[in-house]
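Presented sequentially are two complexes of chain A, the first with chain B as partner and the second with chain C.
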Partner chain A sequence: MVDVTERAKQLREVAYYPGCALEGSGNGYDVSTRAIAHNLGLKLRDVKDWNCCGAMEVKNIDPKIQTYLSSRVLSQAVNATRNNVVMAPCNGCYHNLKKAEYDLANDQNSRDVVEKISAKAGHKTYEAGQAETIHALDWIKETIGEEGLRERTKGKLAGLKIANYYGCMYVRPRHIFPEKDQGPGSESTSKPHFMDDLLAAAGAENVEFPLKTACCGGAHTLSDSDMSTKLVLNILQAAEANGAEVIATECPTCHSGLEMHQIRAEKRFGKKTNVRILYFTQLLGLALGIGPRKLGIHTNISESIPFLVEKGLT
Partner chain B sequence: MPIHEKSLIRPENITTHDELVIEGVDVSGHWSTFIETRVIADYNEAMEEEIASLPGGENIHRCWQCGSCTNSCTVHAIEPRFNPRYWIYLIRTGMESELLRDKDLIWQCVSCNKCTYACPRDVVPEGVMKATAHWLEMKGHVPESPSMIFDKIFTEQIVEHGRIEDTKVLMQFLKRTNQPLMQDWLKQIVMNIAARLPMKWGLKSAWSFVFHPRTRGWKKAGAAIQDYIIEVEQHHKAALGAGASRAASNDNPPQRKLHAAE
Partner chain C sequence: MRSIAAIESRIEQIEETSAPDAATEAAVELVRLGEEVLEHWIVARGETPTQEEKEGFRLLALHRQGAKGDPSFNACRETCRELAYHYNLVTLEPDHPDTAKRIRLAALVAKHLALFVGGKMQVAGLGEFCCAAKPVRTNDILGA
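Take a look at the complex of A and B:
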């Protein structure tokens, strides 16, 4: 059993891997993650000279290249940033680093390819077990925790009805997340609850939401847009039907997918939905009393500031 | 009805006779519908092995046809013809012409991995879908899918810079697939952003568009990845080339059990 206080202390300073999306379309997620870290006194050390994790796209060219790309990020964290806990807020990055860890621990062929490319690229080969990858949800949960959030936020999100949307990459496939489904206290892959827990601690009312781990079609958001729009519309309508005012997200691909296809569903299929879409870090930031501009809410595609003003959250 | 007999009742396989007498008995009307005799002689015996040689297809031989994949499938719920279990069946029995009826659907897999989660036999159906889509393209059965074009643009940017710039990926994709840059919904998105964004952010985006975000010291890693891509491409071509004796096996169809044992 890991000592909880030791663990919380260890995670107060982590290697931070924002990834490409957080530097581009998902900038609000990056800004709000840094803002709450600052507010909570947690240190984020950017992984030095990081590269793309390979996303979904590179896997379809060849999965081993994705393994290499993710292994290089881990190698940079361990060898150049000198921190062996990597915190990745993006579900795609988180998933890929976890998958690389699993493949390098279990597949000789993956190890051979990574070693070969790393040698040619001229950096230390990452070896399984040298680093640990955690999600932004784990990071807040294990450092501040629900109790800490309750004290700091004083239930500021009270009266806000939220549907928590986790997406695919955070829970599937199960085998790459050995720490999940381990009984009380651990995250569940069929009914994830970490985001629910944190937002409830900040006072929010979580609605019953059956599509927590449904797919937004993010992989084909541009190459098969009609399919993505249908999948997103399903999520938005289910959230509204369950009384949600806001969908909380934890992935830049899901987030921008929901925002883009909310607009597209209205333009192409005449289906208008009003549910707001915000990163969970933006919601936690508001609960901690940080201003919406400092959380990058104005850089989201969808407009939620008037709603937040109406709710007395800004 | 067993899944492999579904094709027997397609409209083109049904013959009706207005007036038919067999052995002195009038079988017109209700009895006049017949299923065409079917002889399958064009099994592609190499297909399963070829697809298994591509990334993601490795575990196809483990399938028990339980249907958990199709049952859990995100795409199947929207497009009922998207049927991983059926396609795995067709691949394993070598029924290529049946598989090719659905060739324009297979690339639509969204990689949500619900099938991988549900599969009791660790087939990784998501991987099999990707391998099959890849196989269809490599064999020339279908043109490059929009998804593959997107993946290639994305990968090219990573090989060159180490990172991607999402606006650039979007614009190059629309250009290469001959789509207009300013579609109504994209225009709306740009307007939404422009209405609220501070000047500083606009300048930052313009900066990253002109000066592509890049990883410092990436040159050697990019070159090493490029070498590896060429190496695997050659390997895949060789694997599919070796199994390309389709014409020969068509002349003399081997006897093959429908339910191949594992």
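Take a look at the complex of A and C:
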């Protein structure tokens, strides 16, 4: 049995892998993650000289190259950053690092490819089991937890109705997340709840949301924008139909997609929705009393500051 | 079989016009429309859609069939289950004060399934959903 206190201590200092999106369109997620870490006394050590995780583009051309790219991030965490827990807030990065871990543990061909390219690139080959990848949700849940957040936030998000949107990569495919679906306390792959738990601990009212793990259409954005817009519009309308004032996100691709296609849905299809879109880290930051600029809320496309003022959150 | 676009239109019609006193019929039709969407995917893969049921729903059996050999199709597993869940809510408690809302949500969930599967077929280049041909065909339909 895992000693919860020991585990929480272990996670107080993690290797931080922001990934490309958090340095670009998802900058508000990066800024707010760092701000709450500082506020909560948690330490983030950036993975030294990190690279792209392979995302979708590389994976579509050659999945083994994606495995290598993700393995190099893990190798950098273990060998250059000297930390064997990698925290990746981006769902794409998180998914790819977990997939690389699974492939290296179960597929000889993946091990051979990674070994060959790592030798050519001149760095230590990452071996399965040397590091553990966690999501930002796991990280807050396991270090501070609901009780810790309750004490620190004093129900500051009370009166805020939130639909928690996890997107499709956080829990799929199930086999690369062996720690999930392990009973009480663990995350569920069919009905994820970590974000719900954390925001409820900060006082928010979570609404029922049937599309919490549905596709946001991110993969269609360039090839068929109308398809993406319709998928996003559906998500926004489902959230509003259940009374949500805010959609909380934990993936920069989903977040940008929701924001951009909310505007496009109005222009292209004349369908206006008013639900605001904020990263869960921005919401937790507000609950902890951090100012909106320090949380990068002004960099979001979705205009939420007047609403947050009205709610007494800034 | 109706096209996915026609299924989408019918779902939207239900979403916009369904009256609470016809909620059970609407829920039955939405699940049937969801099945039809999945049949598209299965037929496009060269298989015969199953008539079996899983947990009392053909919808769920069809999803399982569609996901065989293509784990990424599991991205719509919960969408199918949510549709089944909303069907249960509506049919077990047709007089519930939230029935109108439940039907609307069931319609939004069914629409998501149609959009997702339509998109997947486009990406996979299956059936008539070749991405190069789609705008041409859509314009033809609009012009017809």
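We take it that the second predicted complex is superposed on the first by the 314 of 314 C-alpha atoms of A that agree within 3 Å, B and C clash if a C-alpha of one lies under 4 Å from a C-alpha of the other, contacts with A are read in each partner's own complex, and residues count from 1 in each chain.
Definition applied: a residue touches a chain if its C-beta (ideal position, glycine included) is under 8 Å from a C-beta of that chain, and two chains touch if they have at least 3 such contacts.
Only a predicted model underlies this, so the values are computations on that prediction, with no experimental measurement involved.
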Overlay on chain A: chain C relative to chain B, clash or fit: clash
Which of chain B and chain C A:Q130 touches, first, second, both or neither: neither
Partner chain in contact with A:N84 - chain B first, chain C second, else both or neither: neither
Contacts of A:Q10 with chain B and chain C, given as first, second, both or neither: neither
Which of chain B and chain C A:S188 touches, first, second, both or neither: neither
Partner chain(s) touched by A:D49 [first = chain B, second = chain C, both, neither]: first
Per-residue contact with chain A, leading partner among chain C and chain B: B
A:N39 touches, of chain B and chain C: first, second, both or neither? neither
Which of chain B and chain C A:I65 touches, first, second, both or neither: first
Which of chain B and chain C A:H220 touches, first, second, both or neither: both
First (chain B), second (chain C), both or neither touched by A:P210: second
Common ground on chain A, meaning residues reached by chain C in one complex and by chain B in the other: 168, 172-174, 214-215, 217, 219-220, 223-224, 227, 230-231
Contacting residues of chain B [partner chain A, same complex]: 55-56, 74-75, 78-79, 108, 110-114, 116-117, 124, 130, 134, 145-152, 154-155, 158, 162-167, 170, 173-174, 177, 184-185, 188-189, 192-193, 196-198, 201, 208, 213, 215-218, 220-221, 223-225, 227-229, 232
List of chain A residues in touch with chain B within their complex: 20-21, 23-25, 27, 49-52, 54-65, 68-69, 72, 113, 116-117, 120-123, 168, 172-174, 189, 214-215, 217-220, 222-224, 227, 230-231, 259-260, 263-264, 267-268, 298-299, 301-303
Sites on chain A touched by chain C in the complex: 168, 172-174, 190-191, 210-215, 217, 219-220, 223-224, 227, 230-231, 234-235, 237-238, 241-242
Residue ranges of chain C in contact with chain A within the complex: 71-72, 74-79, 81-82, 85-86, 101, 104-105, 108-109, 111-112, 115-116, 118-119, 122-123, 131, 134
